[in-house]
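Contents: one structure, followed by commentary.
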Amino acid sequence: MPPPVDPRALEHCAQQIALAGRELGALGWTPATSSNFSMRLDATHAAVTRSGRDKGRLGANDILVVGLAGRVVGSDATPSAETALHVQVYRRFPAAGAVLHTHSRQQTVASRLFARAGVVRFEGWELQKAIAGTRSHEGVLELPVFPNSQDMADLERAVDGWLDAGKPLHGYLIDGHGIYAWGRDMPEARRHLEAFDFLLGCEMDLLRLEERRP
Amino acid sequence: MPPPVDPRALEHCAQQIALAGRELGALGWTPATSSNFSMRLDATHAAVTRSGRDKGRLGANDILVVGLAGRVVGSDATPSAETALHVQVYRRFPAAGAVLHTHSRQQTVASRLFARAGVVRFEGWELQKAIAGTRSHEGVLELPVFPNSQDMADLERAVDGWLDAGKPLHGYLIDGHGIYAWGRDMPEARRHLEAFDFLLGCEMDLLRLEERRP
Amino acid sequence: MPPPVDPRALEHCAQQIALAGRELGALGWTPATSSNFSMRLDATHAAVTRSGRDKGRLGANDILVVGLAGRVVGSDATPSAETALHVQVYRRFPAAGAVLHTHSRQQTVASRLFARAGVVRFEGWELQKAIAGTRSHEGVLELPVFPNSQDMADLERAVDGWLDAGKPLHGYLIDGHGIYAWGRDMPEARRHLEAFDFLLGCEMDLLRLEERRP
Amino acid sequence: MPPPVDPRALEHCAQQIALAGRELGALGWTPATSSNFSMRLDATHAAVTRSGRDKGRLGANDILVVGLAGRVVGSDATPSAETALHVQVYRRFPAAGAVLHTHSRQQTVASRLFARAGVVRFEGWELQKAIAGTRSHEGVLELPVFPNSQDMADLERAVDGWLDAGKPLHGYLIDGHGIYAWGRDMPEARRHLEAFDFLLGCEMDLLRLEERRP
């Protein structure tokens, strides 16, 4: 039985996810078959990548349809355990249309480096304006770092805790693991992911150099 | 009403700008739809990229014609706010034919690192000779760093102040933001931009290593 | 006389090895004609790259058939001296189907940096799960570093010593030299190699930054 | 009047030089139209790149024929000032068939970092074996660093001084400038250049990390 979604919407999402996979894979952000990507299909479904595939070479069979509680529909295949974190974003952010989870080296290193502080605070970077709703380099943009866990419920609770405290959230790091970023559509999700990766790289370069500042 | 410029000149500039965008984008110098590029069309007009486009995938519709005071002609579209800085270069340097504004990570990190000093001084690098008019590695090449502002008039004043003091200017950094570089045509602007990026990378590598010099 | 192996198996392995060579070469992991790759052909033979070839441009003539004692069969050509280390893996790990030996800069630098300790201990990285049999980021994954020698028998003894002590082995570094990694087939060997390279890069980045941890 | 050399040899050299330019340019080793390449044509002539061209896009017109004293033959074009250093290699090393001069960032930074010591000493790296005649990682491979000068005669004297002292020479750095490397043919020159670049990168990484060695 095919999943109860518009087949053209599914086809369109699968193509955009495969393209994102090829381009992010070529940047080395999906090492060793890690990472996963998703897009919202409609009010109650999302398309998400299967576990363990090479994200640089995704085909139509590597995309599953899930309900927003995280259960696969129309297939016996197993989705990634991390599907729970993707659907959490769609539930909590009704405008979110695409979620990207990657593991570039600098995302991963930053997640360890800032784990004790629990947050990365970006300030004074023009590229903060790449995050939707940010209009100046003068404010502070926060990217939280949550402790890693093999139990997705722990991670869901950490995300809920941040949001329930009323703080803005555009993405998050998981300690030793990688980043989640999202947007209203795939181009905005890509722009947010790229901006966070760039800003993390800049922050760490500056940490290395700061004591030699002329 | 089409803009009052030679359509072949506009077509030619649009192609060169799109090519520069693809090549600089592939280097990662235009993260998250940032950066903008322009070329002089004639004594009173320039072609400049629209705001918010992916600079690696520019099409003919992504280029606007502006007068040298920065107003769009022949279109209702909004040019980048930073258009003001492009046309300032064309006004103050009659020989300038192309202006490139990019945000590579090392341009951005250097802009923060050297902001307090207000200038990067290159000395002893053979590649200083890539800047037009420089004939030896022995002189000092200065690249100023101006404070960032969301008000372009502040940045214009900083550039004017430097030039009115009679100091040579081949490009400049904006703190936390990126670089502007230009040349008599697109190849020279590319060569200048590439040389500054290379020299900034070298200076920062040397800062990291200097205390371990054998 | 052709080697006593299934010609289709040999052809299939040669293609997979050439593809791995092109892709790993493009990453800069096989500098200056270094590195070698192999695949198991059957219970008593393996296909291995010839010495001194550019690993990014391997042709059918650049693959030799060897017995599991390391002697070439069906050809007068000389295999790489390091063939001895490839066949040792096939003898000691009956499930191993592919062995990759590369020299990326970070593999090489890590091999020097951790030589005195004799081992790299990975802990707290989600990507440890890319190594077959690892289910959590919470355990410790060990990658030993053996002293370099131009006598392959010295290296074989070091590997045997580690295994005879009953410790798990998924790959190893050789001091100042590079890495060996393997898997049940080429995709798993590639995933293991990529995971070790990524983890080594992360560990070294963290070492550089740790004292500046916020 | 065409140059007095075998036109097929010239054509063959021009193709190899253009290919090297494209591949080294793509690595970022020829920034801002810097760098130059040459090949020996016969006992008394060499083919060398013209000054100021983009080394990633060399055409047939970008190659000049010079005698081994450095004078252009069969053309009115000006060769690179650095032609003097290319022909010096062909005069002093009768077996040399190709000379490559590039400016990768790590070649340039290393040239500054090791200028005071006047030499880089490589020891304990397996990749030293990529240099012709080196059979083990155990010896010391020396790469001298000569002071930069806009007068090529100064640089020629520095090279002659090293050689006249009876020391082996496989390449050299010029302070703040870049590297020269050569080989009996283009593949060997490429292998030597790639090995020196790799080893310089490894040495500098190790310098950065050494005090944190576990």
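Order of writing sets the labels: A, B, C and D. Residues in every chain begin at 1.
Here, a residue touches a chain if its C-beta (ideal position, glycine included) is under 8 Å from a C-beta of that chain, and two chains touch if they have at least 3 such contacts.
No experiment lies behind these values; they were computed from the predicted model shown.
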item	value
Set of chains adjacent to subunit A and to subunit D	B, C
Chain copies touching (subunit A, subunit C) - same or different residues, decided at half shared	different
Chain centre separation in whole Å, for subunit D relative to subunit B (CA means)	32
Gap in Å, rounded to a whole number, between the CA centres of subunit C and subunit B	45
Per-residue multi-chain contacts in subunit D, two or more chains	208, 210
Chains grouped in pairs wherever the two touch, ordered by label	A-B, A-C, B-D, C-D
Touching residues (chain side subunit B, partner subunit A) in the complex	31-34, 54, 103, 105-106, 108-109, 112-114, 116-117, 148, 150, 174-178, 204, 207-208, 210
Residue numbers on subunit C that touch subunit A, as the complex places them	124-127, 130, 135-138, 187, 191-192, 194-195, 198, 201-202, 205-206, 208-210, 212-214
